[in-house]
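Next, two complexes with chain A in common: one pairs it with chain B, the other with chain C.
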Partner chain A sequence: MSNYFFFIGLPYATIVIVLVGTIFRYMNFGFKISSLSSQFLEGKELFYGSRPFHWGLLSLFLGHLIAFLFPKSLMVWNSVPLRMLILEIAALGFGITVLYGLGMLVMRRFKHKRLQKVTTKMDVLVYVVLLTQVISGLWVAYFARWGSAWFPTVLTPYLRSLFVLDPDITAVAAMPLSVKIHIVSAFTLIGLIPFTRFMHFLVYPFPYLFRSYQYVIWNWDPKKIRISRKLVNGVRSKNN
Partner chain B sequence: MRFYKLKGVFLILGMAFAIFCKAEDGNSLFTRLCTPCHTIGGGRLVGPDLLKITEKKDKSWLISFIQSSQSVIKDGDADAIALFDEYNKIMMPDQPLSTAEVESVLKYIESKSSQGGQAGTTKIVDMLSSATDDNIAEGLLLFSGKKSLENGGIVCISCHSIKDDNVFSSGKLAKDLTLTYGIMGSAGVSAILNSPPFPAMSETYKNNPLTEEEILSLTAYLRFVGENRYYQHPVDFGTTFAAFGIIVFIMLNIGIIILYFRRKRNTVNQEILNRQSL
Partner chain C sequence: MDIRSQIAMVFHLDKCIGCHTCSIACKNIWTDRKGAEYMWWNNVETKPGTGYPSKWEDQDIYKGGWEKKGDTLALKGAGKFKGLKVLFHNSNMPVIDDYYEPWTYQYEHLFEAEEGDDQPVARPVSLITGDPITPKSGPNWDDDLSGSEDYAKNDVNFKNLSKAEQEAMFQLERMTMHYLPRMCNHCLNPACVAACPSGAIYKRGEDGIVLINQKKCRGWRMCVTACPYKKSYYNWSTGKSEKCLLCYPRVESGQAPACMHSCVGRIRYIGVMLYDADKIEAAAASSNDDLIKNQLDIYLDPNDPEVIAAARKNGIADSTLETAQKSPIYKFVKKWGLALPLHPEFRTLPNLFYVPPLLPTMAFVNEEGSYETTSESFWGAIEKSRLPMSYLASLFSAGNEEVIKNILKKLMAVRLHRRAETVGDLPEEESKGAMKDVVMDKDTADAIFRLTSLPLFDQRFVIPPAHREEAMEMLESTADVKGNTGFGFKEPPVRGL
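Then we have the complex of A and B:
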């Protein structure tokens, strides 16, 4: 019963929630879609968390996507054991990078009071789901290796069966707990997209690449204002 | 109004979901899941002959045992434990079947039993009587992935480990196969390779079955490994794997720092933030 719920019910519920939720949010609150960047409040530590996290995550996402879209190519690649090992080691490295980046981001957010003020309950949920996803992924990579070898023949048919509306959970139901947790947290993560900062995953500021330069004109000496200490004495600053 | 539309969408999806829940008939379920280890009137294989099993055992007991034999054994059921011991403690895999599906299998067994058994059921003879050293060498190549399987299936080390110094970097998803031959014999091993009863393995080789020659070589190789296991001391690849993963992680981070070396290191308002914290 739980297998039917988690591997048939949850994926379809997720797809419906993502489709309906994102369209609803975009149509009604389009201008509120944002990654809720906190770079303005703290930028130094953000770099050491955000860059490894995003590079690692994008690489792993692409890897999973290739395994789903081109399973035969992956099987041909893995038919030589050395090539499979190179792929697995690279994927493990990216996984550790994601965990490190995420850890840095979580620590940064709870370390700075300024960031705590802008942290919502949904942000905490996002961290919990992401941590579950990454840790279970590393668990699979190490204790249920070699994932890249069995993914194309075990999980790709399952995912494909979902997309063709003929779900077949026979193989996935027999997978170890780590794999099940990884799949369930992945669907949960996708289902959270419309309600959280994950939404920025679907929206890209492409116009920035093509727009004209914007001029910022200061009407006073900016350096003099910036270094002013008068704010402490209760004099209102003019530039913020 | 918008919420009523949403409810409609959920209702339609719910109905569609109900339609997806399909059922397979007893005949095809038995052929796919049971025949590698059982016969109906053909004698013992890996597991017992199921002729008239519905008359010998209670239906509810059979349903529980088929769905999860290990759970029944763990619950301390005397019959289940005796059966487990009698068949060399070979674990029967849990079957992700609904009660209705198990009942359809039991009906199929019942109908075949009333006809005196399954037509065409034959005992698997020891195929290794014709096996040579070449088969063992071939089995090693197939198992370790140094030679691809003819129909394009994934190689054994993708999921399995084995105690053999020649096999490097074994998989950990599924069971270690060192003792498999000793427990199951050639009949059991070849039956499983021919028609895997384990769901993940069955899915894997559904469209890429092993050839008869490959089954012979792999079975011969498993027998060889089982017999020579005391002379083998393979090194676990896990530590090396983790170490290389950490090296990749360090290299990635160094690469990221180099790539963004000329980044703006402070936010545009850093001076204002510093001033506020005075």
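Then we have the complex of A and C:
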């Protein structure tokens, strides 16, 4: 029964919450979306926490994504044992990097009183879920070897079945507890996005790469101001 | 020619008395909030000194502004590649200790302390943690300490002076100082705008004010790094960056910004400058020697018929053109050539100009050990002046000493002329000679004197009408919303059932 709740109910609830929640928050509480950086209050220790954490996490996320999107390519890659070993060691390396970074970040939060002033209850929850996620992931990587070998045959079909609205949990239900914890905490983490600082990764500044450096806004078209008596309806600019 | 209008400012440094009234006016209106206590959108520094945040001028530390890469420009510490690479930890960002930890005093304790043997005191407490602290630095901690080991000697602008020259400057007899009020320069080539990954910072086309859209800001903090003047601040409480907004609600309604309005020494002038936006890129990327000249060449003569025609074609209102013609900034910067931008070598093309201080340079010690302030010795000894020319040149002209000397001579000529006029104890040749030296006629000297010493309020602040009424009509038909908005009704006042 609990399997149905954790592996069917939770994922769908998560998807609904994330879609509705992030859009609602973006539209209605735009001011409150920020990276909420605390570097200004403490900069040195953040370097050893934030950099390894973020880069490690990005690499791991990319790895999981590839395993989900291209399971066959992964299996072909893994057909040579040495290649699989390299992949597994790299993944474990990134996992340890993330754990190290996260540990630094948590310690830093508790150590400095200034930082406690900008730490909310949701931040603590974020740390708890992240720690669960990372530690269970490392546990799986070490004790349920080799993840990259069974992920394409077990988890990819499960995740796919979720997406095609025909959930099939037989394979997942048979997985060891560590894997189950890893999956549940992953969905929890995603579900927390609209309520926590996780919002900041949804607003990663990709558009910056495609805009020109300088940015000038006219609140109205200066060439048209002289014929304003025509009273043409304009479009209210976003910053107005 | 792409003509735009820009609100620009002039600070007359000889008149600044370092009273910090501007800073307080600004603080009371804008930054007296949680997370913003440490911000001084306007601050006054003592020079020589390290300023606020400490050593802000040293771009080897803070990596602010633009640098020349071949024929083009690149942001020194931010930008598309550099910025996104260090998004997770900004390597070049100042932290709160580079500014100071804001504090208040436990005044309540004076009233609420239990009866005891000792008089209750108001202890300083941190505005961040609430713990008692001992304040060890502040925004004007080095006020008037122009000869101090800790502050003045670490001034970045001394880098071009030899050891001996530096030693000489700190002899008691030669010590000198002046004040440097600073605020956002509302640059023509703003580094903060270019560095903002969220695209939250923008320059207003109509008047050139640079603003941060608080809703779009995501707190990536690149503007703090990029601004070479360190005038963009990170609010640690809201997680958003903030900066001087030139009191745009006041400017739009025709009032001078609070810092300018409250200026006790009346050192501040505000007005419109017309500039050619097509020239920005070339001017910002010009070689070090031409930098100051090319930057000032961007600004155009508002009385030139060609400029007026081009400006009208670009949609600049006649009222703006009129105010541009009366602009005190145009007079100081272009007509008389008396004012210079602060650190033009940062290549952001700042719109805040300073009349370099003449007073600290004037007096010097003669062979008998007494101060020499006569005009005669001034002309002969400008190199020997108390404040080395290279110091002022490092501040205002990217190292070009000739420009500074020329301005100081002009300022001196005006003084000599007025002394000859009012006191009459100077031989005519002396004042005439000084004027001839800098190619200045009597009327110009009088005009400079009047705008410097006896300006009326409306002559110091020539603010163009913002035409918000017409702007609104461009956005929506005002007739449609008549009766729907304002304080009066929560619902549209339509007849019920």
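Note that the second predicted complex is superposed on the first by the 205 of 240 C-alpha atoms of A that agree within 3 Å, B and C clash if a C-alpha of one lies under 4 Å from a C-alpha of the other, contacts with A are read in each partner's own complex, and residues count from 1 in each chain.
Keep this in mind: a contact is a pair of C-beta atoms (placed from the backbone, for glycine too) under 8 Å apart; a residue touches a chain by one contact, two chains touch by 3 or more.
All values reported here derive from a predicted model rather than from experimental measurement.
By the touch criterion stated above, A:R51 is placed in contact with chain B and with chain C alike. Residue contacts after overlaying the shared chain place A:M27 against neither chain B nor chain C. By the touch criterion defined above, A:Y142 reaches chain B but does not reach chain C. In the superposition on chain A, contact of A:L36 is made with chain C only, not with chain B.
Looking at the shared chain after the overlay, A:V216 reaches chain C, while chain B stays out of its contact range.
Shared-chain residue A:V164: touches no atom of chain B or chain C. Of the two partner chains placed around the shared chain by superposition, chain C is the only one that A:P207 touches, whereas chain B remains out of contact.
Judged by the document's definition of touching, chain A residues 39-43, 47, 51, 55, 114, 226, 228-229, 231-232, 237, 240 lie at the interface with chain B and also at the interface with chain C. Residues of chain A touching chain C in their complex: 30-31, 33-43, 46-47, 50-51, 53-55, 113-114, 117-118, 200, 203, 205, 207-209, 211, 213-226, 228-229, 231-237, 239-240. Looking at the complex, you find that chain C touches chain A at residues 75, 79-80, 83-84, 87-91, 93, 95-96, 128-129, 131, 189-190, 193-194, 196-199, 201-206, 213-221, 234, 236-240, 314-317, 467, 470-471, 473-480. By the touch rule above, chain A contacts chain B in their complex via residues 3-4, 8-9, 12, 16, 20, 39-44, 47, 51-52, 55-56, 72, 75, 78-81, 84-85, 88-90, 92-97, 100, 114, 141-147, 149-150, 152-154, 157, 165-167, 169-171, 173-176, 226-229, 231-232, 237, 240. Touching chain A in their complex are the following residues of chain B: 6, 9-10, 13, 16-17, 20-22, 93-94, 96, 144-146, 148, 152-155, 157-159, 168-169, 171-173, 198-200, 202-204, 208, 238, 241-242, 244-249, 251-253, 256, 260, 263-273, 275-276, 278.
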